[in-house]
Each structure stands twice: as structure tokens, then as C-alpha cells.
């Protein structure tokens, strides 16, 4: 065997252009890093300022009072909006997920190729419809219908805990807000699901069908298991978007600072719409509290997004293997 | 052409610590046959690592000018790694390391003051899969090296034609030089890549299994091209195809890893390696008994 | 040797696996019949509207599927039930999207006129006669802000992508993590950030502030897509460049980036389409300005979403029609951007071949 | 047309009162940003295009609510603001700000109940109980007692209120505090949910903006809200009616421009703050035909001289003297008249006066009257003058005037009582 051959230090001499390139690209990347990082840092800083003032009550409290003036009682607590954000988004995902998966399957496996191409474009476009249009449509078109549905649900299925209400007021409920969000996020979930479904190795599908399976058997036993994590990831992305939605909720939901877990009953709201509602007249101290709320929202969405990305990446990696 | 070589039978040796060292017919260290400072490519005790893994060990070979050397051996024996040592592409792999010397015209290409970019201009490379630049036309692909390395040329059109002619592609593409490189067949693309490598006028051309992705017809065209090119430059070709090695190369080096790092078992005239190898493993390999 | 030659014209291409016209018709007729029955049932029941019809029609269709396919065995029945459900999911989801398009056009078309696109609201009241005034200020404002946002975010986003895929420096993981994390920043938070820093500091709303808020939202999108696209560049192309004696700089600018140019353009267009409709952040940063102006540094600047919002708040009939009209223009604009993106990426696919 | 004669007369009045800043002098191409009250927004929406047209300025009004307007004015992001609620103790407006009363208007108690014919009559206590959630059906005995001639349906009352902070909410809460203190036990607040005694009643709906609450009422059977009259009028077609409200004189009065004007015309002197220009609405008005929930929207502007502030003054004058008179009746507002208008014009004249070069420039060897300086300092009374810097440029003459001795600038301190303002006086050749 070779006795102690010494490794040479290979000096890769960089030409000057490459040094310039490294400088430019690194500073560009760091600039975006600084811009994006400073938002996180700024929110974090403000967040801690308010957390230290309000304590844990900022998360658990249900009042938003005062402007932070000398000698004034100032209480900021975002529990109703935090709960509202989660309730609204969960309703949205629960409604959108099955419909989106069905639509994705339809587009990928049932629609004729010409229609499929059109539908894929429609999906992309639907994902980019501005939220103000979703909000106005929700307010003027969906809301009146949804109030009727909520009434029927309560009337016929009111014994079921989910559809119980204390008083028969149905307008501006989490249910209605959740439906608008569902319409909003379904293009994303559909797109991601379809993307993952389309990566199913065709030989697997062919294999299943060669064994005598109908189209559905192939979907049920091959496509869905294969795309499951992609679908979950898509749903999480949708959840992330639903959590941060502002204008649609602002317009459709009756924003009330009170925890409401009855999904058919009036009153809810999410952090984003609360910020929109309050920032205009917020005193400098209140703005800090809003930034702290933004920080909480940011952390929640961040967690959801990171999980989603991990899941989607996992499934794509699996697909590419 | 091998029979006409002035350095016949003596040009390539393999010497290795612990490997079956074989002095060629003359019985002398062949490296000394080349006058000092003479042109040509030579490695002395080359080692290559990927992280902690030693991939090739103690390879000393000499590649004389205007010859074709085939690097043969089973998969994973370090041929390609060795090839990439010769134009400093090895160092692109994170965690890679190197020991020994690679001399180009007597100059150590790994010396600290040497610019790797410059070395790669002198030692061109053609890859396993044809990889023309998809964003460029056929003509732009051929001249890409000039633009990338910022070399000024007085008559681009002549160079373009010259390169394409030498790569054996001119007749097929002369009417559509502005077409996208993606429109060519696989074999044409590979010859385009050869033309592209020629445009920067390298002294040495490294070819890493240039025909493995091609059909037999295209392979033949590329082989013809290689033989023509060898008149003017040093060519080192990695191949898995024994017939190809026999057809195009003047010299051969047989690499083998046997579970450890890759080493050169035997090197010499192609005719010798194929008809009368010293090492039994070489004989087994060239006759298709393993590998 | 004898060869049997057949007349080419004697053989007709067949597709025996396809449904016959009769079968297709019968399926179609079944669906129509089911919907009709459902509609009748809805008329005599407390259920109402399209939702009611869907509520009845879907189980009915499922039942019909089971009955019809039952004789071919349970696998066939399950297959047909699944087909019905998947088709229903598709129809249910298409309904709101079509409804949105219909609503926007139905309520907004009256506002659309040449004047609407070329005039602004400087001297026109929101509830004035349709045909007077227009939203040129909003179109120009959105254009300016989107341009500035693109000018800021696209280079930065691409540089981040290049850093991650080409330079692979020691911040790679950090850059990737931050970019990924920030792609989830709710737009309102981005708006609040710019408001509480730039706007308060400058004591003025401005188009530039709005553009920065949009850029904050665009950078992660562009950086992520740039990274994705750059990852698709085969490693061999880079090696080919190096083997030709290229420096890394030439390699990046002459080989890698041109190879994915259309991919980058597409990502930028899609990023623009995403932010062009953002409302909340612009409300906090750019506000509204009634005259057409192109200077993003000179005070507030109108944008299509904010103008839509503002028309709605007036409440008068003509103002609301104008709001839907503005939505329509916004929607058309975004559709055009998508068509453009599609054309660019189709171009890419063609050139790859 | 009587109306146009009136506005011409008002124009002249404005010119005489406001002096140089009376009406639009010339095209100045200023870009003004306003924010605040949604109460006044419909008037502004109608007046701003007209003003832009005649002045050459471009005014943009973002709305956002009174609180948002005050904050924007403090932050400097708005050149002017409009509000129905006075600056709070925690708010720190710039020292040289002034309120300018711009318009009055009734806050209607708007409701929708298809089964309720005739016009509902409500007393302050009943209104308070409805909005506090203590009365929650339409046929509640207390409502029935006030409406003997109407058959009341039995459905639930849905309270609709502003989700965002609003001057209208403040005014309405102030009204309830002032007139039904036994029921309305919580302090007024721009955020109505914080002002409700027991929080928001179950089933009540919050909606953003005046249009938001009006739309909610228009689409919700059995709902009730408080909103500017103009928004109620816009939704009349959807069955949104306005209740008559009992005033301190014991009369049930429907909201209208006329009944609101009656309430403003008889404002007690004590409701007017001569110092800041703020006018408190009189919820206890004893004028028989006055609508008691009449809000006053105030403009907020700065007194420091600048071209922008000149434009703000011109814009406010245009509202006061021209546009309000023409637009108010159709939009459901009451234009200011009489002493209130005069007071408002006086306040408007005070905008953009501090340090106005037209008032603080004097030729060498001539005298600058003390009255000009008083004007430029935005003060009234008998001034004491003192040159604090540049004693060789100008000097005090006769204790009341300034005389210029050579070209240059000097600082003159103008003192009235305990307040003083230092002005830069320019002496020209």
C-alpha cells in the first residue's frame, strides 16, 4: 500500500471576474437576506417588547383596549383572533381539500387532453384572482346563499355539536368566512395535488390496470398513496394562505373580539383582518402591538409553511426516485 | 498509425508502488524517453480522494503528443476521476483532494500560481452525454469557448468551418448554422461538442466515454473524427468498448480497483495490451471474461 | 414467396375501446335526467337553489351508477361511483370560479368604456354618470408600482437563486431557509412593516413604499422559482463550460442564465400577477391618489385594488358598478399576464426540442 | 335659483372674512392627501372632483375613519384630516393645528324590517337598550309603548355596528352616554364594541365602514344600525328605513338635512371651544324640530404657512362656502349656516397664517402694522411686540407696529396674554 502519500493543497485560483461575480451575487443574496431578515427581526423585536409588557395575556386575552398613554389601562390580547384564524382556516381546508383532490383527479385522469390544458390554465388563473375580488364576491354572492345553508344545517343537523348555535344568527360566521377561504385556496390545493398526481410513474398505473383494475382501482391503490404527502403539503400551503388572508375576511366576517367556536354563529375574525381594521388609527404603541400580532401570525404561518414544504419536497423526492 | 510512431512501444508505462509494475520492452523507465520540457502530458504518482475515500492511487502515465490513449477498465475503477484530474475538473467536487503531479509540457498544472481556467483551455474535454448549450445556435455553440474565455479571433467564420470540418460535422450543418443545437441528433450533438472543444485550440483532448450514448452509426463517425484529430493533438479517451479502444487508440492503460482504490494494472501499446498482455487480469478483461 | 397484399382502403382504423355514441348519449342522458329529477325534488322540498339540487343530484347519480354497473360486479360499481363523485367535485369547484367571473363581468361591464381606461377620477365624483371619468390613474399606478417592485425583487431574487445554486457559499442554507420562511409572510405583515418604518419615517404614503411592500412579497417567490429553475440546469452544461476554459462568471452569465431565461421570465411574470392584486399592503403604504401620475416618490399613488375598494366604500350604484368594472380590468390584466407567461414557457419548450 | 344666489353671497362673505385666503386664488397644482372620517366621505367624494376642477389642485381623500385621520395627521402622512371625535389625551397633535367645522349631519337609526309598516319612533333609552342587547325583539313592550299605532313583528333584533374605529361610533356612543346614562354605562369609544355596556350582544354583526353597515342592514331582515343619513338613503330601495328619534323637547323627529340644520343652528355657546375651534354637538337640544343625533365633522389642518396649507384652506373654504350648500341636501347633510358658518370661516382663515410672508414683509423705512403680525401669529387680542433677533434690521414703533430700518430679516416675538409666537419678519428695499 502507498505509504503516507501527502495530499496536495490544491489552490483554485479565482480569476478577477469570478471574484467580482462572487461579490455581486453574495451581496445580492445577502441584500435579500437583510431585507427579509429585517422584517423578521423587526417583528421579533417589537413582538418581544409587547410580550414583555403584556405577558402571556397577549396570547390568552380577549380585549383590545387603550393606546398606551400615560396612566391609561392598556390591554391587548389576541386570543379571539388567533382562535378565529385557526377555525376559519380549518373550515376552509376541510371544505376545499376533498373537492380539490377530486378536481385534481378529474383534470389529470378524466378530462380529455384538450380540456386538461385549459383547466390547468384556469387553475393557475384562479389562484391569482385578487383577494379583494374573492372578498366582494363572497360578500355579495356567496354570503346570502351561505346564510341559507347555515340555517338549513342548523335546522336539520342542529343536534350535531358542530352545527349547534346558541341563537339563530348566521351572518358573518366562521362558516361563511371559511367557505370564501375554501374557494380561495382550492386552486392552490388542486394545482399542487394535480402536479404530484401527474408525477405518478405511468408504468405503475399501467401495471395496476394490466392487472384488471378499473381506472378508480388504479387511482385508489397507486395514485392516491403515491401522491398523499403531496396532497397534504398542498393542503398545508392552502392553510398558510388562509391564515394570512386579510381583505376577504375583513369584508365577509363580522369581526368580534370574542372567542367563538360555533362555526355557524355570527362573529369571528383573524389576525390579518384585525391588523387591517386597527392599523389606521393605531397609536405608536398600538402599532407595536399590531406588529407583535403580525409576529404571532408570522410564526404560525411559518411553521405551517415549513411543514408543508418539507412534506411536498419529501413527496417530490420520492417521485423523482 | 501506431506503427509509425517514433516512440513506438515505449511511450506509456505504468509504474505503481505495490502494483504490478511492468517495465516495457526497453527495460527502462519510459518517462525518461521524453526529453525534459518536451511537450506532452504526464502524471507522476497521481492520487485522488473524495472526502476520505481514496479513488485512485499512484498513477503515473505519460501521454505523448499526437497519440490516442485509451483508458479501459471496469466501471468504478477511477478512469473518469483520473481523466478529470488532467484538466482540473476534479476540484469541482466538494471535499475532493489530490496528490502527486500532473505535468503539461513539463509544467505542474497544480502549482499554486497556475490558473485552472488556463489549463482547461489547453486541455479540452468531451463528455459522456452530448451537452450542447441549449440557449445557443450551432454556430454559437462552436464559438462558445471563445466567448466564455474571452478569446479574440480575427476570422470567426473560418474557425467555425475549420472546427466543424475537423469534427466531421460541416457537411451536415453548414446550411443551418443558426439553428438551435437542440435540433441535432445525438451523434451530431456529440460531434458538435467536439467541434466546440476544438475551437479553443487545445493541446490535449479528454474524452469521457464519448460514444456511450450514441448509436453504432454515430459512434463510427465520432471514431473517424478521433482518428483524424489525433494527427494534431493528444487524445485521451475513456471507453468501455474494447473494440473501440482497439480501433482508435495507439496506447492503452488498464485500470482496476479490486475493492480498493483504482490503479493502473498495465499500460502499453494497444496491440500489446490486446494480444499479449503481461498481467493475467488484463488478459481476462480484454477478452471479456469479467468487467 | 407469396405475399398477401391487402387493399389499404379496405382497413378502417377502429377505436373499439372508446364508448360508442349510443353509450355516451346514454351516460349524458342519465346525468341530465338525474339533475332534472333533483331539480323537481328541490321544488317540492324545503331545499332551495343550485346547492339544493347538487345535494340531491349527487347521491342520486351515485345510486344510478351503482344500479347500472352493479351487474358488472362491485369493482365496476365502485369505479362508477368514484367517477360520479370526482365529476361532482369538479363541477362543485368550478361553480364558484365561474360565478366569480360571471359576477365581475355581469356587474362591471357597464362601467367599461374607452373613457374608463384613459381618464381618471380627478374631477369626477365616484357616483357620477358612467362614461365620465375613469381608472387610468389606477392602471398607471399599479403599473408603476409593479415595475418598481419587479426592478427591486427580480434581480435580488435571481441573485439569491444564483447564490444557492452556483456560488454555494457558506450562507446557502441560511439564504434558502430565510427565503422559504419569508414566502409565507402574510401580505398584511409586509404592509405593516413598510408602514411602520418607511411611511411613518417619511411622513408620507408613496408609490415607492407600496412597491417595496410588493417587492417584499415578490422576492421570496422569485428567489424560490429561480432556484428551482436553476437547479434544472444539467451539471454537465456547467462542466462543459469549465472544460472550455470558462470562468465561473462567464459560465453563469453566458450559459446557465441564458439556458433558463424563459423560466426566469415566467417566474417574474407569475410573481407580478400574484402581487398586482394585493390590496391590504397597498392600503397601508400607497393609499390613493385621484390624478394620473407616474412618479412613485411623489406622495400617494392609486392602484387597481385600492381604487376598487374605494369605489365600493362610496356605496352609490354608479360607484359600485365602477368598482366591479375596475375588478374586471384587474382580472383581464392578470389573465393577460398569465397568457404571456404561458406563451413564454411554451416558447421555452419549443426551443428545448 | 335661490341656492346659487346664496352661494354667491357666501363667496363674498368668505372673501371679506378670510382676506387673502378666501377662495381659490389660482391654480397651484398642489397634491393634498386627506384621511379620516367616513361620515364626511360622501360629501368629500362629491366636492373633491369639483374643487380639483376649479383649483388645479389634486385632493385625494382616503377615508379610513376619524381615528385613522387623526393618526395620519399626527404622523404627517395626511395634509388634512376630518373627524367627529376630538383628539384623545394620548394623541399628540402638532402644536399649530386647528379644527375647522365643515359639515353637520344626522346619524340615522337605520333599520330593516319588511313586516314593520310606518315609521318607528324611538326614545334615547330604548335605543340604548336595543344597542346594549337589553331589548332584542321588535315587539318588545318598550318599543310597543312608543309606537302605539304600529303593529310590531316578533322577530329578533340584529344589531349591526362598526367593526373599525369610527367618529360616527364615537358620536353615537356620546349621544347614548349623554341621554341614557342609566343604560349606557360605558364610556364612549371610537371602537363601538368597547363602548357597549355588556360587550357586543349575541348575534350582533360588526361590519367595516359606513357602506359596510348599510349593506349589512340592507341584506339582513330585522337588523338595526347607526349610520350617516346618506347611506340610509342609498339603501332605501332595499327597505332600509330611518327611525324618528325623541329629542329633549319631547318630539319624535325624523333625520333630515333640515332637522339637522335646526340642531346645529341653535348650538349653545358653551359647546364651542374658541381656542381650538372644536364644536361639541348638542345632544340635548330643546329645539322642537331638531334631530338630536346630529354630528359635526371637523376638518383638521395646520396653521403654519405653506403652499400646501394654502390649498387646504382653499379646499375647506370651498366646502364651507360653495360645495356643502349645493350638495348637502341631496346627500343628507346639513350645510353650516349663520354663526356656526361664520365661526368656521374664521377658523379656516387661520389656516396657513403662521409666518405668512404676505403678512410679515415690510419695506425699508415703512411700518408693519401689529394687526398683521397678530394675524400671522394666529392670535387675537392686544399684542406686545419685541424684537428678539436682528435689532438693526427692524424695531418696534409706537409699541404696536414694526418699522424696517434696513434690508434683512429679524425675529419678532408677539405676545398676547401668556401665549407668544416668534415670527421672522423680512425687510425689503
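Just so it is clear, A, B, C and D label the chains in written order, and each chain counts residues from 1 on its own.
The rule we apply is simple: contacts are C-beta pairs under 8 Å (C-beta built on N, C-alpha and C of every residue); 3 or more make two chains touch, one makes a residue touch a chain.
Predicted, not measured: the structure shown is a model, and the values here were computed from it.
With steps allowed only between chains in touch, the distance from chain A over to chain B comes to 1.
Look at the CA centroids: the one farthest from the centroid of chain C belongs to B.
Comparing the chain pairs C-D and A-C, the larger number of C-beta pairs in contact belongs to A-C.
Between chain B and chain D, the centres computed from C-alpha atoms are 88 Å apart.
Averaged Cα coordinates give chain A a centre that lies 42 Å from the centre of chain D. If each chain is reduced to the centroid of its CA atoms, chain A and chain C end up 16 Å from each other. Among all residues of chain C, those that touch two or more other chains are 247, 250, 312. Shared interface positions of chain A, defined as residues touching 2 or more other chains, are 15, 250. Touching two or more other chains at once are residues 35, 215 of chain D. Contact between chains, per the stated criterion, is found for A-B, A-C, A-D, B-C, C-D. If you check the complex, the residues on chain D that touch chain A are 35, 64-72, 88-91, 156, 158, 163-165, 190-191, 193-194, 199-200, 202-208, 212, 215-216, 219-220.
Those residues of chain A lying in contact with chain C across their complex are 14-15, 17-18, 20-22, 24-26, 28-33, 35-37, 39-40, 42-43, 98-103, 105-107, 110, 121-122, 124-126, 128-134, 136-137, 140-142, 145, 148-149, 152, 183, 186-187, 190, 213-217, 219-220, 240, 243-247, 250, 272, 275-276, 279, 287, 290-291, 294, 297-298, 301-302, 304-306, 309. Those residues of chain C whose C-beta lies close enough to touch chain B in the complex are 234, 236-237, 239-247, 250-251, 254-255, 258-259, 261, 351-353. Residue ranges on chain B touching chain C, taken from their complex, read 87, 89, 92, 117-118, 120-122, 124-125, 127, 129, 131, 133-136, 144-145, 147-150, 180, 182-183, 193, 196-197, 200, 206. On the side of chain D, the complex with chain C involves touching residues 31, 33, 35, 38, 41-42, 45-46, 48-50, 52-53, 58-60, 62-63, 75-77, 209-211, 214-215, 231, 234-235.
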